[in-house]
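Here the chain labels run A, B and C in written order, and each chain numbers its own residues starting at 1.
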Amino acid sequence: MSYVRNAWYVAAWSEEIAPMTPFAITILDDPVTIYRGESGRLVALEDRCVHRLAPLSLGRCEGDRLRCMYHGMLYEPEGQVVEIPGQEQIPSRARVRSYPVVERHSWIWVWMGAADLADESLIPPAVGLDDPDFILGHGQLDYAAEARLINDNLLDFSHLTYVHAESFGAGPEFAATQAKITPLDRGIRYQRWIENSRGSSSRASPVPMDSYMCYDFLIPGVLLMTGGVFPLGTAKACDYGVPDLAEAISGVTFTSQAVTPLTEKTSRYFFSWGPRRGHGDEAFRDMLMGIAGKAFAEDKVMIEAQQIVIDRTLDPQIMPTAHDKGVTLFNRLVEKLAKAEQERIRVAA
Amino acid sequence: MSYVRNAWYVAAWSEEIAPMTPFAITILDDPVTIYRGESGRLVALEDRCVHRLAPLSLGRCEGDRLRCMYHGMLYEPEGQVVEIPGQEQIPSRARVRSYPVVERHSWIWVWMGAADLADESLIPPAVGLDDPDFILGHGQLDYAAEARLINDNLLDFSHLTYVHAESFGAGPEFAATQAKITPLDRGIRYQRWIENSRGSSSRASPVPMDSYMCYDFLIPGVLLMTGGVFPLGTAKACDYGVPDLAEAISGVTFTSQAVTPLTEKTSRYFFSWGPRRGHGDEAFRDMLMGIAGKAFAEDKVMIEAQQIVIDRTLDPQIMPTAHDKGVTLFNRLVEKLAKAEQERIRVAA
Amino acid sequence: MSYVRNAWYVAAWSEEIAPMTPFAITILDDPVTIYRGESGRLVALEDRCVHRLAPLSLGRCEGDRLRCMYHGMLYEPEGQVVEIPGQEQIPSRARVRSYPVVERHSWIWVWMGAADLADESLIPPAVGLDDPDFILGHGQLDYAAEARLINDNLLDFSHLTYVHAESFGAGPEFAATQAKITPLDRGIRYQRWIENSRGSSSRASPVPMDSYMCYDFLIPGVLLMTGGVFPLGTAKACDYGVPDLAEAISGVTFTSQAVTPLTEKTSRYFFSWGPRRGHGDEAFRDMLMGIAGKAFAEDKVMIEAQQIVIDRTLDPQIMPTAHDKGVTLFNRLVEKLAKAEQERIRVAA
């Protein structure tokens, strides 16, 4: 199973890219350096000097250019070398790859595939930390596991009942019931109503209520979810569809999450979470972030242990269950898109 | 060189397996989880869920069953899945391997081969920590080395003269003389009398005496040894055979040791040591354990260094010496048994 | 690209080889132990016992011999086993490789190739710490990088302008100008005058002056350099050749440096530096060592990062620049010598 390259991957939080300071990350095994030039222009270059393969991320920003600090090659934002100390002629092959890069929703998105296909409309509609309609906290975790295992985890919430019984306070409903699943162009939509429950630890209630969760899981690995608790009967009243958020008892929250494959067996996981404005305050956000910190550490323990078992298994085979419908649909979508990418490359060659 | 699988391997001390708490170990590269169910039943299962290969050792005991805490598959002690959350049908292939497991002599023994051949009479007659006839201390060490190298070490006590000159206070006799070696059905017996010596640091004596050591080294890698000091002349009087333990001057001791291959290049070493009751007290046992702690650390330094040299040698070849008779006999026995196992599997297939 | 084996490699500082105490090092992936016997004789043996491959460096010196402390094999300085405990006969194949070894210039040099070709006149003329004409400090660094990358670094000083702008206070001259390069039998000579400059941090001057550097870089990876500052006009006066050192304003210094490949991807870097006597005192030497400590750490950061990028690159290709003339010449020399060695071995076989 491979990954889609013609997609926007989250490389960093906006705040991680300081002015004139190269940042290093590996995405899909490609070393990438990202910097903001003097003009504020955001640049993402292959992090490998053409001369002797030193990382450009150890280099120095000069205007909007980046100088390798080993022997001084100077790079344009588009990747061409424009200066080779001690040499007049600059070979045309003296260039590194320049990646399309966009800053949006407080994230730095890098397009890892064919530059001519980079389409900003494919950036998932995450919510930025500065969005006035939300009060969000955020964090990130590095995994010693392949991204696919984290995607699989996020594509099947039945694990909440077991992995997160204490942190999220999830009851047996997640494992006992199926979410409504709708295929999207570049992902899967999950909708789930849990009726007549007192909610989980993050949204506990003294009276029974209806609890709503809806999320899109989008290529390459981005989860965008709205959740909230509503008066008993809301689920039935809206025919298990989308409720009027204004009718929520409390706690309509939104979370953006992104899984980025670094190398074949390592990944970075970015997340934000918090209430819609009017549905909670900073204290509520902080409580949610405390729960998230505990819960995401639980996932990490399980998934990294799973990776170790997989790695020591000769021919690892999974046995899908009824809850894996979404996992299977999403992975088929990834395979279809990855295959089409390969086909396009074959035809072009 | 391979290992015998149709054998009982020490997986843990009895005390390591707490009630209702899965324990994880890898034996011969197989991930295994061991637990005591509510009824007290001891269970050893393949530590790999059929669903997505998460380790069952992160699971939860429910009665005598074990639930995977990733997505909730519930396993019987025999390995079958009996519950898949959100799904009625349970495929017959939804089962993991269940290993024969026995608690005896304070050790948990797991049979790593064909279950139908598991024969409790093959469990080596170690001495448990609770045996009223002995006063035993115990410990364990993990090695970054293959089990075979530790076995080889224990099969040739000529190393005592060099590796343990200070800790055991072993003199030149171990390297200068040969033990009497007797092949057993599933191992080798070593007998050695050292005459007219003042003994080693663990059994020092003001007057010359005869020192006796006899041990069996048994498949898969278990050492069971009696040692003691006797009046000068005892060796000759018993024709270098088995002495009357009642005639010992002091310090008739017993040690049980077990070497368990975890992975191809890692091992766990379990040991107990102490006097027979009437031949020493708790203080004597503690003195022995202090010596053992020092000596076994000396072995670990040498064997892990040996492993590093072997690993960086293109075609590692050993050059056996006269002292290697027991090593050679035991390794031939292992190869013979391993080959027979392979043959049996071929015929069955 | 391979390394030359018929060459003297620096294995250690003289002071590292204490009397009767085996020292362990790996050179070109060969495990080697070095010791001084009772007579003071220096011995270098393959660090791998013929018996069970334990490292002899864990052994004990007995006279000028070395005893393996696993099972007691005793080795002559020439590598033959002369004692096998418990055994009369000693097979003729019971021998390890003995390496030609010489102590000179405060370094222990080991010849890694065919012993019959070992020629002490090929030892590079480094300056020892005890040379009365110099006041030298010294140090060493281990690299997680292949030796070739460190050699390449030392063969192109244009990196001083970028990597060491602060530590050495190197200006743009190193990248802007070419050194004069002269091929030697077993290396390359670099000469460089920087005219009308106030010098670098290690040789700052209130008035403009001419700065001189000349170094030989010799097989297998030894740098020997003289540097100093001279009155303005000296460069022109001596036609950019060798100045009269007596005319130096201050600070004529000498540095010996050696790069030793340990394994395929690790290396050890030895260095000394200081003024000629009469050109500076202990305080000047200590100032130089402080600068060197900072500068060599800068190299290490860059080169180890370069190694990581190379390792994750499928088919790593460099793109040489005008400054790489010396790098190219030296690496061609290495390839030529390595090829001749291989040819000699083929013919002999």
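In this text, contacts are C-beta pairs under 8 Å (C-beta built on N, C-alpha and C of every residue); 3 or more make two chains touch, one makes a residue touch a chain.
Treat the numbers as computed from the prediction; the structure is a model and nothing was measured.
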{"item": "Topology of the chain contact graph, where touching chains are joined (line, ring, star, complete, other)", "value": "complete"}
{"item": "Same-site or different-site touching of chain B by its copy chain C, using the half cut", "value": "different"}
{"item": "Chain B and chain C, separation of their C-alpha mean positions in angstrom", "value": "48"}
{"item": "Sequence positions of chain C contacting 2 or more other chains", "value": "none"}
{"item": "Chain C partner contacts - residues on chain A that touch it in the complex", "value": "26, 29, 31, 47-48, 50-55, 58, 67-72, 84-87, 91, 93-94, 263"}
{"item": "Residue ranges of chain C touching chain A (in the complex, touch as defined)", "value": "152, 156, 158-159, 161-163, 175-178, 301-302, 305-306, 308-310, 312-313, 316, 318-323"}
